[in-house]
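In what follows, chain A forms one complex with chain B and a second complex with chain C.
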Partner chain A sequence: MKRYLLFLGILVLALVIGREALRHRAPKVYTTTSGRIEMCLACHEEKPEKAHAREVVGCSPCHLGDPLRIDRQLAHRGIIKNPADLRVVEKTCGQPACHPGYPERVKKSLMATNRGIIDTLRRYWGEVPAHAPAKRPGETVRELMLSGETSLALDYFRKLCGTCHLWLEKGKYPGFLGEKGGGCVACHLVPGEKAKKHPVLTRRIPVENCTRCHNRSGRIGLTYQGLYEDEGYGAPLVEGEFGAETLEDGRFVDLIPPDLHYKAGLTCADCHLPEETMGDEKEYVHFEESVEVTCETCHGGQGLTRKGRRHPKVMEKEGRLVLKDNAGKEHPLKAPDPVKCRHEVHRRLSCQACHAPRVPQCFGCHVRRDPRETQLDKLAGRETAGAWEEFRSYMRYETPTLGVKGDEVLIIVPG
Partner chain B sequence: MSYRLRPWVSWGLAASFLLAVVSGLLASYPFHEAFPLISTVGIETVLPFGSFLRAFHFYTGQLTFLLLVWHLVEALLNHAERRRPLWRWSLLVSTFPLVTLALFTGYIVRGDQTGLAAGQIAEHLALRLPLIGLVLNRLLFAVAEEGVHRAFMAHIYLSVGVLVISGLWHFRLRAVRLEDLAVWATLAAAVSLVLPVSLEAPSFETLIKGPWFFLGIQELLRHLPPWLAGLVFPSIPVLSLVFFRLAPRGLALVLVLWTGTYVILTALGALR
Partner chain C sequence: MTILSRDGGVEKEFKRLTWSFMDPHATDKARSCRDCHLSAKTLGLGYGTLSYLGGGKWQLETVEREPAELLGIDFPLSAVTDLSGRVFVHFSRPDLRAFNQEELHRILRVGLCLSCHPDFTDPVMLRWDRKRRCPVFKE
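And now, the complex of A and B:
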């Protein structure tokens, strides 16, 4: 018995020494500038941008895990790749010390709920009575993800629209779809320098981030940049290859004159307020309820939105109104033409009725569902029965039709 | 019915206690009580054999506590209280809350989330005690004002003090056999190799849990006033043990019921 115990003792001792010899040890205890321990820094060399500097923030406040350990397995327990994912964002970006309140707001925003798309689809496809309330329980992206509820319109939404929302896990799907979604980083992330091994988080949202999703229907994201999605068939052919420019999803585009705001260097987020994009704590159903910046906010409106909120980037400089964009450049704001714009006969005209002389228009939109095939349900993450295909008759880039909504003359764009 | 104490439990307790104190003294050299968490992480991640030393100290401490409970139960079954005068039996019984306190202060000194929670709860409870609360807090805790300095001193003094005094008076410390030390050291070392000791980073979590043996009291604090949950309830087993000779059957029932209740409360606390 004694011999066995001696053998066991020697074996355990050998294991203790062997493990110690193989173990990677840190040269010191790593702390952030606030004195918080971040042993992640002993191994990780990633360098985020200044606002989230590794010396100040460290890794664990965003990526969780265990910052007190250096053993890979222990240190990585509970780690998350994307801290901005809406499933965890209260513990990460939205924690009390960082950006409190934002997760609750964002989760109610249209980009997270997609209520408008769902409501319109179901209403137009006759799944919801005309008198039904627009805001119905169970009809947001997250609720559909959890419930699995489906119908003809919802099946279409799940398969063809299900990647344009903030609940989508970043990188879940291959190709350009993998770039979409991810909660906060759907907008706030841009590629960083390769040597820094970490993408950059920014408040200067580039247009490309918005147009990852905002590139269909009215094609506003494309038109703004001077891109027109045409039929084209890839023409002109150059050395047997398609010569036309293509979008990431393979659609052909022609170059048209970009919006003059784009030419001036303004991005979407220079005009659109955080309350519109990240929500203002109200749960809207449709885009027109949520959006509050108008042309008049800058041009003749003294920087006030239609909801009476002061535009944070519009300010008075040397007696005139300017818009200071995200890059810090100041743009003098022109007042509307007192004759053309303020004339009594133009009183009911919206700005776009005159200032959008040509817009892209998609005619003859129809869809087909083949019940024999399967297609990826992007909310559930699996193939289900029924494959949808979209068709259109033709695209045009021409003078839009004008219509009347309420007392206002607007442009009407089929898309 | 007669019951004989198992010598391997008694000597295992002595050996584990000795190993816990010696490993604790070794671990205390690189430990700076002014920076408890940084020190603990330094021992864990920078010091060669540090994580093993810390785990070894932790598990020998846990073994001491568990074997002490076992030894106590065996002593009661053996009617040990009848063979000793009340003062002597009371002193022996007092080793149980003192060792528990030594174990508890060990959690405080590491300065992590569990330690912070344990220190704060202990301080608030001590301050609720009439008359002696303030003095007791100044002696043992005072974590809000002074950090873990006092808890660290209490941890060392209590551990070494109880070991030396009971080793001189209750058992012969120098009679602890090398074989016993080797067996219990091997056991603790083997566990240390497999199970890393917990260390939680301070967080914004609103649900905090103290040491495992404190979860029952923590759970009770949610339902009862602090003086009842933190003072009266834990005093029941200690007083029952001291006066066991007066009504062995009745007090044995009290102890069984108390233990059952505490196990349920601990399970409820752990599941939160």
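And now, the complex of A and C:
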């Protein structure tokens, strides 16, 4: 019996020694500057930018997992690659210690719900009676993802519009589609230095981030930068190849004069307020309810939006109004011409009615569904029956047409 | 919109041309007065040439084929209305519309003034009097 116990003891000891030899132990206990244990830092060398410095934040407040473990499998339990994904954002970016309140706001914003696109499509296609309320239950991106509800208009939305929203998982689809979506990082992420092994989170949203989505329909993201999606011939031909510039999705573009504000170095987020882009806690249906900055906010309006909110970048410097852009550059703001712009004969005119002399316009939009083929439903993440194709009669970069909304004369375009 | 059938034929089809409003983000120096007050395209009449016939009457020579058989529409594709104020298209919001007949003729009437009073530097515009009548042009 004694010999048996001795043998068993030696066996257990050998097992313990063997396992200890194989176990990866950190050389020390890693902590953040606040003293919180963050053993992730023992293995991970990624260096985010200063606002999310590894020494201060660590990894687990954003990426979750178990920061007390050193074993790879145990430490990575529950880890998430993209903390900004709207499915988890309350536990990560939006946690009380970091950016509280934002997840709730963002989830109600139009970039997360797409309510306007869905409502408009269904109305145009006769799926919703004219008197139906614009805000209807079940008709947001997330609800459609969960319910699987479909119809002709919704099938079109799922297949052709379904990647331009904040609920899209970043990297879910190949190519340029993989760059879109991702919750907060759809806007707030820019590539970092390779050596730092971590992208940069920024409040200086570059135009490219906005135009990953804002490049179809009105094509304002392209126009702003001086790009015009042309007829698609790819001309001029250079040595037998298409010589025109192309977008990531293969569309040909011509160069046109960019918007004056773009030329001055302003990005989209220099004019558009956080309350417009990330929501103001209200759930709107159409963009005009959400957008509050107007030309007059800066030009003759003392820095107030149409909702009476003070523009955070407009300030008084030495008796003049200036806009301080994201890069820190100050732009003196000119008041409208007192005669041309304020003349009583033009009191109904919007600024853009005169100040947008040439505008891209797409005439004769036509869509066709072929039930014999399949196409990727971007909300469901799988191929389903029916493939849509888009056609048009012609594109023009031309004098815009004017119309009347309420009592304001403004630009109208097909679409 | 066309829905094909399993044998490639047309199962269902509908046509609806809708125009919407937008800020195109194409800010530049302002357009000229003529660019609006004498432009058929700007006024929503589509691509074409306007001629004044006298007596407050205008004529539009559209450059687009009318009707467009392939599209199945009986108006120029670039137009939203005509000189009589007939509206061809839908609009994206209940309070959005094309210029009506009265507005079209009022805007075009100003176009006739532009030969003598080309822009806002003109004394007539600087010392604007809504009731003043032109001593030269006979209505």
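Structural remarks
Criterion: the second predicted complex is superposed on the first by the 400 of 415 C-alpha atoms of A that agree within 3 Å, B and C clash if a C-alpha of one lies under 4 Å from a C-alpha of the other, contacts with A are read in each partner's own complex, and residues count from 1 in each chain.
Quick note on the criterion: contacts are C-beta pairs under 8 Å (C-beta built on N, C-alpha and C of every residue); 3 or more make two chains touch, one makes a residue touch a chain.
Please read all numbers here as calculations on a predicted model, not as lab measurements.
Of the two partner chains placed by superposition, A:Thr246 touches none, neither chain B nor chain C.
Judged by the touch definition given at the top, the superposed model places A:Ser147 against neither chain B nor chain C. Legend: residue contacts after superposition of the two complexes on their common chain; A:Glu344 is shown touching chain C, with no touch to chain B.
Of the two partners, chain B and chain C, it is C that touches more residues of chain A. When both complexes are overlaid on chain A, the residue A:Asp71 reaches chain B alone and has no touch with chain C.
In the superposition on chain A, A:Ala97 makes contact with chain B only, while chain C stays out of contact range. After overlaying the two complexes on the shared chain, residue contacts for A:Cys354 are found with chain C alone; chain B is out of touch.
By the touch criterion stated above, A:Leu260 is placed in contact with chain C alone, chain B being left untouched. In the superposed model, A:Val367 makes contact with chain C only, not with chain B. Of the two partner chains placed around the shared chain by superposition, chain B is the only one that A:Lys28 touches, whereas chain C remains out of contact. Applying the stated touch rule to the two superposed structures, the chain B and chain C interfaces on chain A have no residue in common.
Residues of chain A that touch chain B in their complex: 2, 5-6, 8-9, 12-13, 15-16, 19-20, 25-29, 31, 37, 39, 42, 60, 66-71, 74, 91, 95-97. Interface of chain A with chain C (complex): residues 120, 124-126, 152, 218, 220-221, 223-224, 256-257, 259-261, 286, 337, 339-340, 343-345, 352-360, 363-364, 366-372, 393, 396, 398-406, 410-415.
If you check the complex, the residues on chain C that touch chain A are 1-6, 8, 14, 16-31, 35-36, 39, 41-44, 71, 77-78, 80, 89-93, 95-99, 103, 110, 120, 125-126, 128, 130.
Considering their complex, residues 37-38, 41-42, 44-46, 48-49, 52, 112, 179, 182-183, 185-186, 189-190, 192-193, 196, 199-201, 204 of chain B touch chain A.
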